[in-house]
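Shared chain: chain A. Partners: chain B in the first complex, chain C in the second.
Entry: the complex of A and B
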């Protein structure tokens, strides 16, 4: 992470975050908040497993609306409807209507209800935002710039999701660390950020972003095709690598294809292979030499975020997932990060922000940070003439 | 892969110049640690001393790590980089302190003169994490390389803006706490000579004594408001002719605030609460308005003593202005506009671009009466107060605006004519803050 990159991204974020409606500030009660999501949620039963990571994330958001609190170990619990909203309508996989709970422990939400449409394609979401048919939606980071260009009000979180290459342990083709290092060095992260993400992300060298750890700048993000060629040339019987990516994720597909090109330029043979999401057959995944993975930070705190990453990656990549001291010093966190990155079992690629599109009448919206859920109980709708685009009258 | 070198590295001399340029800037601070009173000069000095102590401890830790990594080298060259929000003053202080500490440890610190086996090269970056500052030194000595990292807790560094203009607004930070509160009041007359303060929270009122430069809680009285809980709780403390009135939706209390807080509340007396909250202006109670107990606004029933009783649109706040001949009042209404009324109860003018919290003050400057107005936008952004004069049905901004580091949640006129009580929330610290904003005339 470089200072110039930081400043540039700050400018980009400012450019993307179009000016919100400028009327009064004290919250107004009432109105229906229209939300569209790409995920399909089949069941709100906490015991029902999610089909994929997007459904799991969407369920988590809905639980935060209908449950009062989480248990100590994380999941929401209690009685459905004990939270700020109660379920009024539920059509699995299609739509849900939640109404404000007058007796919510933290106070009644400002909006009367939330109407959630599920399974909306990203392109339709952007169109609906542009036409004012929806109030709030998540937009893929790579489409954030396009949405802003179309006049959609865009809210961008801090970059908190890591897209990384993970080398599963036990694969003959990648057991030699030089193979892993060569592929990591061959990747042009800057072009992924500039062209695929449309500058809506940051090149990643470490396992934590600069804003969280303060030490990400110590990790290089520069491509070094010469070094990659040199390393790969040292390996007898240069292996052909199979790179897996989530078949339902257009961003992962684009990045995988870019990696194949970068690798070829460095003399490394890589074939990209789409794999089904969470439901992928173990046999399919076991044939992969390297996988693209998205890792969302669970906390802004560096120790906790790193430990969650290591817990998730440890068994797969065979990396040291032992507990860091609590609290851990910045030196201890950096040393562990350096050891993992230096093993080339995980090659960080880019940090992605969460991007949201908002209608002009949404107020009190703050893009949630790692581990936070959408603050919909605090959102209110500005129905003043200015926010609705009406002409002034006394 | 080699670590990145593309951060901004600044030669040592630049920091010395910064020290000279910015050494006078620190006195503008008026912040204090949580639950501490703030009085600008004393607090600024205390904060600076605390700041220095914090830096010194971290500087020693970093110097220790550098010393142990520098090997046999007694000669160091340092390139500095900055990736944090530290001010130029702090950076200069840290640089000087580190150089002093290294020299005290008998290191020669000079300019970079190329790679030499006798010297260690240090790239020192003042960085920042979510938890605080992170100072990173990359030390190259001969063929060895080490990275030394020191974490430093972040120190709250709030600042109150103070601008000079034809009319100026000054903010005095009185109190801050992590729990939400909705109003506060400082009785100006006390029987024991000790300053007191009442802080109104949504379900309690706390009373404090000022002793040994600290506010100490002496009493807390639980309130029994309606079971309806609001995400935008409002309440009012008013002190008029020695009588303290307290209003929150569903509960009203009356009593006195002297050496202790004496309150009789509607719930204690099994009586319905008063829904009329007093309207203060010009240092006195000028009327009352009915508060909507399941909302965050006044219902529109308004009485201006001696002038009018009217049913007007619901509103968030009212400011009464008296001129020589007549009274006017301004209501910030739920449609986002502020409207000016006279005793005909019909709007005479509408003002756009005003926030929902307003209060009138009588300063004697310009048109004598001014309206202080909060900013627009919402609770996710910084706020401001701007003074306006109303002339011929037009609102004209006077003086510079006063910036707040987060939303203003309450703004009520004080009884001294020239100031208002402000409750705000700092987006930097998350603390709720009580401030007195006063107005003064300038040339």
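Entry: the complex of A and C
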């Protein structure tokens, strides 16, 4: 063999050795995917209502695994087990085991089964990820930075969940738009993003993110405590506002407490009050002047996402929820957005991404976008020693 | 009230007064002792609080210093000293570190005073905590009390500040513990004591800021006076609160002001001392004292009764002896042993009665001799008058027989007539004496004294106006509604006759005889007065003595009979007289006589004119 041939072979070998292992390996079947979620799912019956938004979201993810398709209006339907996985074990509120469906219409999933542990606290999830006791978990956005610092593989989606203040209609204390505007102006959104969310998020001025509408930059996100003081001083008999937040959501609690501090510095009296449950129904039931709510985009398309928001908030906040033309122009979408934001019935605060923690052996994971579910049928597990030891390298 | 009763009550009052004084003294001493005990308890608890305060302060200083000295804090300080450092990664550090070091309050503060991380109020990051960056030697300051902002509102905390210096930048670590119910619960209190803490967070008193070991104190409004005084002028004070009308519910509170770095009043510690145990103890003492007093009183009363009886027994004997003497028993003798004043008095009494008895015996003896002499003189006088004619007549008979026998028969007839007459006189004299010695006892019947007076005066009407003697004018002033009395009419008649005869004898030149009857106090009064020659005081003194007379031919028994009759009716007779003016006899007779022994009827009241009393 000539020296040239030897050098060529050597270069080829070196190139093969330096190619990332993931790309070098083929997908493989088998293995148990360990998933931990914070929500508690009490029932998989589609007719059984979810107790809170977290349970509803978790049920959606499970339905996507065990049902083949959705109905036209959104929910999954068909026969349980017609999807890529079938329920093998089910202990309500604690854990579930799903096994791969060999006859799934979209083909057999790579993993043999998925073991889902429910009701895990965020702190424990991060710890389990760090210790390699779980393969995939959703992490609260404010914990993403800490998890990454601890060496956990973190996957972050686009910011597709809006955290906003919603002023329920009919409340005497907030009927004056100046009260709502003053509170909206008093909030330091940048501090919420930087400190509370640990920079996993974006300050929100509009109802749609910049990556979706392209017009979000037209909405101001800057705090103006002076303006807030001026407005609030104009109001006779300055009201004391009650701000409600989901008692089961630490992020909402932190943001609510920060809003109280911001408002206090602006001379606005706000008391934070934890309420059980979430969503518009809970806000309606409680005698709250303002409610902190998380609104997840149902679609990356701006019109559909905005309409979903308006449908959800319209009855509560008394805002214009009429249909936009389909298709709607960016100007029409912006005008509606501007009108709603200008009414100060909804005060957008921050956009939150979905943050996931992965073990080193999870392959082919892609953070789901708005309206998408977890692509667990496409995930496969790398059981090579390198993959097992990837965590240590990280 | 007897002497014994007086003495008994004096003893009893003295005993009561003594017991009351002792009881009051015991109560005062007990009260002061309890107050001293309360003060000691309060002082002990205040001292304990101050020690605990200092101990905790030292503990906090060490913990905060430990945090400041820890490597993560030093790294934070180094990181913050870099330009464009990302402080957001430290925003949650405060909570974790505070938990690890058991601090309620922990703030990491940057050089410019902005909060990097706050344990007590995590959402307050980025805002200023300006007092931390003020020039102060925090190491020398140690622990201090300050007001801290929390989401629930301001509160008090025992704080300490440490600094980590990197280059020209300081990282301040301000940590501490809340001063609240947990702190109060950690104090070890003796039974019956409690501690309250007032957080002076508002300009005026706010009841909600008063805490006990369980949270907001009950009935906090009752503490307003003492705490408002503290707010006006901080200083140690004591106040008593009566929760109900029951004294046992009272509590004494000792207020200790808690001052901040600038000597401002931040809180007040109230140390309460329940008076329940004291009240119970006082009640027990009072009841015990009352029982002792009661027993003592009963015992004292019995002792007083016995003592007074023993002390007054000689006096009672003396009194009985005096009564016996007053009753006429001149031989009364008292037996009073002992050598004290009472014994001397008893012996003196016995000596006195003995001497009086002897003197009375001598007096009676001498009076008896004098009376017999008077009787002998009177008898001699009375008998001598008829005896002299008898002797003369018998001598005339003898002489006539010898010298004139022819006339003897005539002389004999005359002489025998004289002899019979004089013998009759002698017989009359002896009958009078016999009558006096045989005065009958009165037979009582309802008698109208006016009728007796009228009938008696009527007997003498002829003699008042008899020819050959100056006239006597009787004047009767008789009270018409004079009540009847129980008396012997015949004896009264006889007595009245004697008095009228005496009055007639006293008025040889005539005059006025006045008889007056009156009544009052159940007695009737008879006054018989004349305008005769009157009597001398010496005559008045002896007027009622038997056989004493001022007349030439009187027997001296008339007024003695009058006095005997009056005495037998339980009455009294007295005489007043003035020489040359007249004499008046006053007789008082009871409506219902109580016959006294005749031995006592010698009382004669002599009322003499003032002029003669003076002489």
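The rule we apply is simple: the second predicted complex is superposed on the first by the 356 of 394 C-alpha atoms of A that agree within 3 Å, B and C clash if a C-alpha of one lies under 4 Å from a C-alpha of the other, contacts with A are read in each partner's own complex, and residues count from 1 in each chain.
We take it that a residue touches a chain if its C-beta (ideal position, glycine included) is under 8 Å from a C-beta of that chain, and two chains touch if they have at least 3 such contacts.
Note that the structure is a prediction, hence the values are computed from the model and not measured.
S.K.: Evaluate whether chain B and chain C can sit on chain A together after superposition, giving fit or clash.
M.R.: fit
S.K.: For A:191, is the partner it touches chain B (first), chain C (second), both, or none of the two (neither)?
M.R.: Once the two structures are laid over each other on A, A:191 reaches chain C alone.
S.K.: Using the touch definition from the top, say if A:46 reaches chain B (first), chain C (second), both or neither.
M.R.: In the superposed model, A:46 contacts neither chain B nor chain C.
S.K.: Answer with first, second, both or neither: which of chain B and chain C does A:315 touch in the superposed model?
M.R.: After superposing on A, A:315 lies clear of both chain B and chain C.
S.K.: Going by the contact rule set out at the top, does A:334 touch chain B (first), chain C (second), both, or neither?
M.R.: first
S.K.: Using the superposition on chain A described above, determine whether A:93 touches chain B (first), chain C (second), both, or neither.
M.R.: neither
S.K.: Spot which of chain B and chain C makes contact with more residues of chain A, would you?
M.R.: Comparing touch counts on chain A for chain B and chain C gives B.
S.K.: Output check: A:260 vs chain B and chain C. Expected answer is one of first, second, both, neither. What do you get?
M.R.: After superposition on chain A, A:260 lies in contact with chain C alone.
S.K.: Which holds for A:226: it touches chain B only (first), chain C only (second), both, or neither?
M.R.: It touches nothing on chain B or chain C.
S.K.: With the superposition applied, I'd like the minimum CA-CA separation between chain B and chain C in Å.
M.R.: Taking the overlay as described at the top, chain B lies 20 Å from chain C at its nearest C-alpha.
S.K.: Where on chain A do the contacts with chain B and the contacts with chain C coincide?
M.R.: none
S.K.: Quick check: in the complex, which residue numbers of chain B touch chain A?
M.R.: It comes out as residues 1-4, 6-8, 81-84, 125, 127-131, 133-134, 136, 138, 147-151, 227-233, 295-297, 316, 332, 334-337, 339, 347, 349-350, 352-357, 374-380, 383, 407.
S.K.: What part of chain A is in contact with chain C in the complex they form?
M.R.: Chain A reaches chain C through residues 145, 188, 191, 194-196, 198-199, 254, 257-258, 260-261, 265, 272.
S.K.: Inside the complex, what are the residues of chain C that reach chain A?
M.R.: Going through chain C, the ones touching chain A are 88-89, 91, 121-127, 151.
S.K.: For the complex, give me every residue of chain A touching chain B.
M.R.: Chain A residues touching chain B: 1-4, 6, 20, 22-29, 102-110, 181, 184-185, 205, 210-215, 217-222, 224, 227, 300-302, 329-331, 334, 338, 363-366, 377-378, 380, 382, 384-387, 392, 394.
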